[in-house]
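Presented sequentially are two complexes of chain A, the first with chain B as partner and the second with chain C.
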Partner chain A sequence: MAELNTSLARPTARQRCLDRAIVLWVMATALFAILPHLTRMPILLAIALASICLLRISRWYRNPHWLLRTATVLCAVGIIFWLHNGLWGRLPGSQLLCCMLILKSFELNRSRDAMLMVSLSFFVVATWFLFSQSPLTFVYLMAATWLGLTSMIVINRDGCRPTEIRSLLIQGARLVIPAIPLALAMFFLFPRLSVPLWGIQGGELEGVTGLSGSMSPGDISNLFIDDGPAFRVTFTGSKPPRDELYWRGPVLSRFDGKRWSQSVYSSVAARNKPSREAADISYEVELEPHRRHWLFALDYPAIYPSDSRLSIDYQLRNVRPISNVKRYSISSDLDFRDNRPINGTLLNESLYLPSGIGQRARELASNWQAEYGAAETIVAQALRYFRDNPFFYRLDSLPLLADPIDEFLFDSRAGYCEHYAGAFTFLMRAAGIPARVVTGYQGGIDNGEYLLVRQSDAHAWAEIWLDDEQGWSRVDPTAWVAPDRVQQGSRAVVDVPNWLHAPWLVDVRNQADKLRHWWNKNIVSFNANRQSRLLQPLGIERVDQRQLLLLLIVLSVVISLVIFWWYRFAGRSRHADPVVNAYRHLIRRLQQAGIDPPHHAGPQTVMRKVISYCPDSRVQTERLFGRYIRYRYAHGSEHSLDAETRQLKAKQLADQLRAFRIPRRK
Partner chain B sequence: MHTESHSRLSAVALDDSAATDQPAKALLDELGQAIAQVNRIVLGHPEPVRLAFCGLLAGGHVLVEDLPGVGKTTLANALASTLGLDFHRIQFTSDLLPADVVGVSVYSQTNERFAFQPGPIFSQIVLADEINRAPPRTQSALLEAMAEEHVTVDGQQRELPSPFFVIATQNPVDLAGTWLLPDSQLDRFLLKITLGYPSAQAERMLLEQPDRQTLLNNSTPILNTDKLQLLIAHVNQVHVSSALLDYIQALIAASRQHAQIHVGLSPRAGLALLRASRAHALLNHRQHVIPEDVQMMFVALAGHRLKVIEQTDHQALDPSGIAQDILNTTAVP
Partner chain C sequence: MRSLSLSNWITRQPRFQRWLAARGPLTPPFRIAYRQVYILPTRFGVTFAILLVAMLLGSLNYNNNAALLLAFLLATAAQLSTFRTWRNLSGLDIGKLHVQPVFAGETALFRLNIYERQGFERPILELGSDAAAQATEQHRLTLSAGQSGILELAVPTSRRGWLECPRLRLSSIYPLGLFRAWSWLHPQQRCLVYPQLLQQPPPLPTPASGDGKHNLLPEPDADFAGLRDYRPGDHIKDIAWKATARMGKLISREDPPTAYSELLFRLSQTGVRDIEQGLRIVATWVVKAEQNGLRYGLALPGLNIPPDNGAAHRHQCLRGLALWQS
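Up next is the complex of A and B:
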């Protein structure tokens, strides 16, 4: 009687409170899901969410009063609103979702709530793709999915013991792995829109480094410590020599005494462009997002993407800021000269010197002008000045405070490329030669099939206007002070005692970048256009969206059938004994015929089922199953036969089992 | 239904022309007659009767657990009278002492020395009735004798007769006035049998027929010590194929991995399962064990050995149900 009572009381008891193991699993899933988002939150909010998780799993936790719960939710919404001036957008939206997920744990009372939290965790994990699409994100997402599915198993089993964690995780993996082919089919075949469904708002991707569009001493040397990739280049034809690899970026013509910045005319279109025919260097660039407009190219681009513009100072600017990995093809003409005469404001801007600084430099330059006269000679004299005086190329130069030009040229004489480029341009302007600073990247390392250009390859050089024939010419004063910078890359010239740059570590990083490159090339930049060309290897030029959908449906059905088959039959590996295989085949046939012996039934039970299904078949069924039972279970006893006869009999029996006609019910 | 399939099975098994060294058919027939006689006395429980015979042939002891009045004692009495063995019954009570079971040394005036007076345990079949009503000390005396097949009294070891077979009965543990048998001692019983209520038809016959005691008094012994020893020797010769050993091992392993089991089956339980399955095969006139033999014995053998996890809401799970669950989820090799 007592047993009856407890068994009746059981469902209500289960509804009333969740097993502690379930709470632990669900909270672990939720915490794992919000972990990447926590890194982007204000530290106090992140700590608050993490401590709610800890509070919920502690033993002395009790559900707060509903008034307190409502207040917490309102407080969370208020904080997010205050942080972002609204709730609309990627960052506030995802953070709100994280808060709501964790606050839901105050209502984690029944298995329904647990299921809801796990489902919501899947959604939170997916939102992380709005911020990052790297391979690591993908791996993280898979892990989170695995954890979530395992939690669902735990919820459905009504708890778990520590010793079972391993087998539960294996069960979870068995759910994740068969879904991968289906997910791949969806990824490649689900019809894509050629324009994004919603635009991702700019300005939220903070902490992205790169060239900024202006330059003051120290800007580029700060980039030196950033080992992240800037872009990757794959040359389709011949590759130019290393000292020609000047990747042109922002051009800086204005100088206010401290900062170099862009010309006000940089939005004006280029006056003359290199001809397409002369462009002999073709390459494809995979640009990491830097949230600005520049595309990097070798001088001077002749063929470039249609959504970008070439400005009057030959900056290549994309219409929209680069917020995702962008792949583009470019052809450059290295021999082209921008020699259309400059005049008026452009000329003034290229000669402008701010008053009050660089007095000694001005004197030096006017001496040269008076002594040599011709522009080429003055340039040569300036470069000789850099070479003959004790100039050093180093990162940790002293800050130049009052007068960056004179202090550098005459006192400290130590600096990074931006010091040289800036000082050289100043000297040229003081000597009456139009000059400007160009920033960009120089060189790059050969990483197998592509050239990897890192942030640390950022560089600055000068351009001077010589005459109407030669036009603007590139002069790199750094190359005179530290030729290795151009020949071997930035690492060659600066002593880096840092263990971070140990050769093996650099190698690991290069391999990781290869993976990223592959990922960007094949996964991230897979778009509607590439989707329509998906079947090109099979000889089908283009597939439209309807065909894609049809293909997807067919493939999904096929994959589902394979998965179904796998679940149903994969556990049955082939046995070494042909008789056993033939018997298992017979059991499957019986299952298909509707006799349906369970898999734990022994042969005698199966035999009885067959006979009760069709009593007429009794004699032949008994004979066959009797033979099988003796073969399988009486083998090895004193009555067994010699090996040869046995083998012969085994073959006979296997044939009989396969030939057995399943009787029909009358 | 059951006897029908039984006869069909023996037909299947015995048409094996290669079989030569079978126990004499007459002996097996006598065994069949013995089972039939017990079934005539204990109405409506053919399955527990077969299990009891299996336990006997496997050389193990049997625990019969059920509510009062369903025929536990009748089953034990019927077995004893049919087997033709020397029989004693001990009624366990709360004041029963170990000496009441194993015997005591009494000073004899005539010989001027202590003489051992053997207790009721010195017989081939011992019916320990309501074993869980005796205090643990007395229970232990019996259970030790079961394990060792000898008793030690006054420092002297005395062998028990052979075959030595204990049928213990007990009431369900949650009834008042009982002492729970410890797990280690439960393990001494090869099988635990439950009878349950008889079917309507059997119950009707029970009411119609003369008193059970009369039937018991009228029953004749069919087997004897020698025949039983011979049958037990034959049990050990029943062949077990490697596929079947795999099956037994898989069942034992599954019991240890089951989610609701705290302590699974021991290797000793595996050996016991093997022995009981052999006995079941012989009972069905077979010289080899088939998976069905193992399946028939498994629940009775594992039910009292499995330690179930205590649920959070103090809900006791039925170990026999879990044993059946293990059977249903383990594939036959």
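Up next is the complex of A and C:
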């Protein structure tokens, strides 16, 4: 025997190299994590990252030279820097993280590297939620967690054979699914911050659709094709008629010949506000994040959130940019008139016309001024001009290059709301009437309990100053050209493929939005404020965070205990033979009863132990164990029986084993 | 697997040992009770926790609820994985520990039998120890339900005598590798370490005169004297293997060599003053003599083993040498 020892080669610490299956799982996890980010990357970068993943899986490279590795990392940093003019911020930061994650695959040699890559993948998944928190991302979250945890299992198992994939995925699910209730408890009860610990940056506008603070032809029409929700409104009382649903957004007073932009006074607070008592239309708005400051409201808001300001031209601006779904309550007074006299710079700004453009329009307007005099008549004449001449409401009109005003008014005569609002405002100013452009949304779709306003409902109209009594008044020239736009919504005037109008599809879209609404209301906009009112349904007005924490601890312990109890038995593999299962069950019962058969004992020994424990039970014990031993170990006699009889006998024996009463010691 | 020095210090404290012993038997065979499974985060688990805290702080600050949900989901999944890790060990039956004698300088292989009888799969069990131990192919093992298996721990040896089995640690980090559950085993088992074998020992001594026997030693297989063709019925020990290899046919010894090759090894025959070195030489002679099919014995102070041969005799001689005056 000693020869055996001498001949046994001394075990060497073999250079461990990762199993191929591990590489596959880890790279799949990483790829899944960067997948949504890829959609926002420049196409070449996305292709490069995806192909590095695929090449690593197919073992085209392993451990490149460190010089190459460093060069690639520097190259990635350079590309990101060049794309975004910096590395700081949401988009460059997340893209850099994606690159680093994928480049980590250059050194994927030990299980430690693999584990690190999986954890980084989780982090990359988390950064995606800075961009989107729709219900679909929740599905993505669950899938990514499942995949990641299963990868960790595979790593700790030193790989996996193709036949094991199913069982490993089940094991991964056994980790994720029980974690959900506990995670939800933590989600709702874990103390939230009511004030952020560090600053929140705003002003990153990439890839978010919505109204901007300025308007040039094409801005709003781009929104028409966007079916995404802008906000949802739930009216608490009466609902105004549809043609009153002008959701006021950015107000644009300055015009440079091409672009309308905000007044220099837009940060000055409103001087005369509608009284709270007169505000008769109350509603709650759930605003999708648009990364800018505006809140949308009906004219004119009287009661609005405390963290927002009402400017002199009645723009409602939040203090911080809207980076998450925001819910706010507003009351508006539809009959209020902003008739405080304007003068000085404000007046000049509302009358200013850039030089060099719109000569024909100026002539037309000064003719009207000379002919009619009164402001109301001029307005009526202008609207009549739009109606009587062949103007068309079209999205695909030609771009107006040299002189957007004259070309539109006298040549092309085809455009959409921003053309009409812009040209109308220009005409009014030329006729000596102070005027400005207001952008926002118009209308909305009634979706049961709430009104859904989509991005495609974006609209632009004009406001003119008539006299000291009436003040600023809204005029919507588009309504004169395409009344359907205001009466039925943007869909009525936009040419979309017919199948998009199919009732079932519209229904599906509306149902999907209802889900999204519910999701936003209960999950995405949950915050410290909502948390303190969590127990209101139970009659507790406010809970402080200490109580919540206590509740969380109690709940966690209870849920953990339940899951622990389940874990003790989950995954217990059952023998294919019911008789063996029944026998094992009997052994466990014997152990519980204190007859502890040695763990290596066969049925003979167990039988003797039972009999010595309680000699009275000798006859029945011997009979039962005898049958079991014959069943398990004497194969000859059983083979003569046909399958059905054998099955029947097995079932009888299993029943007997389960029914066996463990004798009590006298 | 080598743990931190602080934990080493703690585990050596008598109070800790008593506390450990109070939680159940540590000497195999026994069944690991639920109180005997300990669990702590691994180093990677700490890294993962730091990552989760970063994710948590970021998402709390921006009130990003989806990221928060992800952080909580991962944290709870990690926490629940402790149950699974714990269950990998709890209820496992620890069988006997086996070890074969080795020569000093070789590694002693402690082989532990473990039995799964609870109907669970026990993935990736690992056997380790605080003492310097080498990794072998078999220090990790997956047991499927109802299976039994053997785990090995290789401990390098340097001195002859008894090698106490170090305290063993049966551990598992499955499934996520964030926590390590372990159980202590304290087997009262020791490995016999024979004196080291020498690569180039002095030649076997010629039999001492005055033993009263005619035991002139022919150098075995040096020439073909005393050899003849194999005849059916010759004992396998009588076959001269070296000559067989050279001739290409079976060659037997004319007479069994036992009659005239009885050797009695003495320390004085080794010609070295260092006792340990002398013991090594004698041990090497024993192995050689056994290989050559000679009859040999030992005559050391306090240790007299009459000449004989065979595996048991060899072991008796080597054991005597291993434990001589120690």
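As a working rule, the second predicted complex is superposed on the first by the 432 of 666 C-alpha atoms of A that agree within 3 Å, B and C clash if a C-alpha of one lies under 4 Å from a C-alpha of the other, contacts with A are read in each partner's own complex, and residues count from 1 in each chain.
Simple rule for what comes next: contacts are C-beta pairs under 8 Å (C-beta built on N, C-alpha and C of every residue); 3 or more make two chains touch, one makes a residue touch a chain.
Predicted model, so just to flag it, every value in this text is computed and none were measured.
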{"item": "Which of chain B and chain C A:Arg632 touches, first, second, both or neither", "value": "first"}
{"item": "First, second, both or neither for A:Arg157, with chain B first and chain C second", "value": "both"}
{"item": "Contacts of A:Glu644 with chain B and chain C, given as first, second, both or neither", "value": "neither"}
{"item": "First, second, both or neither for A:Gly602, with chain B first and chain C second", "value": "first"}
{"item": "Between chain B and chain C, more extensive residue contact with chain A", "value": "C"}
{"item": "Touched partner set for A:Tyr567, first chain B, second chain C, both or neither", "value": "second"}
{"item": "Partner chain(s) touched by A:Glu469 [first = chain B, second = chain C, both, neither]", "value": "neither"}
{"item": "Which superposed partner A:Thr137 touches (first chain B, second chain C, both, neither)", "value": "second"}
{"item": "First (chain B), second (chain C), both or neither touched by A:Phe123", "value": "second"}
{"item": "Chain B versus chain C as contact partner of A:Glu622, first or second or both or neither", "value": "first"}
{"item": "Footprint overlap on chain A, comparing chain B with chain C", "value": "2, 6, 10, 13, 157, 599-600"}
{"item": "In the complex, chain C residues that touch chain A", "value": "29, 31, 44, 47-48, 51, 54-55, 57-77, 79-81, 83-84, 87, 93, 95, 100-103, 106-107, 109, 115, 117-121, 123-124, 134-137, 140, 142, 144-146, 154, 173-177, 194, 197, 287, 311, 314-315, 318"}
{"item": "Contacting residues of chain B [partner chain A, same complex]", "value": "5, 8-9, 11-13, 15-16, 18-21, 174, 239, 241-244, 257, 259, 287-292, 295, 309, 312-316, 327-332"}
{"item": "Touching residues on chain A, where the partner in the complex is chain C", "value": "1-2, 4-6, 8, 10-11, 13, 111-112, 115-116, 119, 122-123, 125-127, 129-130, 133, 137-138, 141-142, 144-145, 149, 152-153, 155-158, 171, 174-176, 178-180, 182-184, 186-187, 190, 192-193, 196-198, 200, 323-324, 523-528, 560, 563-564, 567-568, 571-575, 584, 587, 599-600"}
{"item": "Complex interface listing, chain A residues touching chain B", "value": "2-3, 6-7, 9-10, 13-14, 19, 157, 160-161, 164, 167, 598-605, 608, 622, 625-626, 629-630, 632-641"}
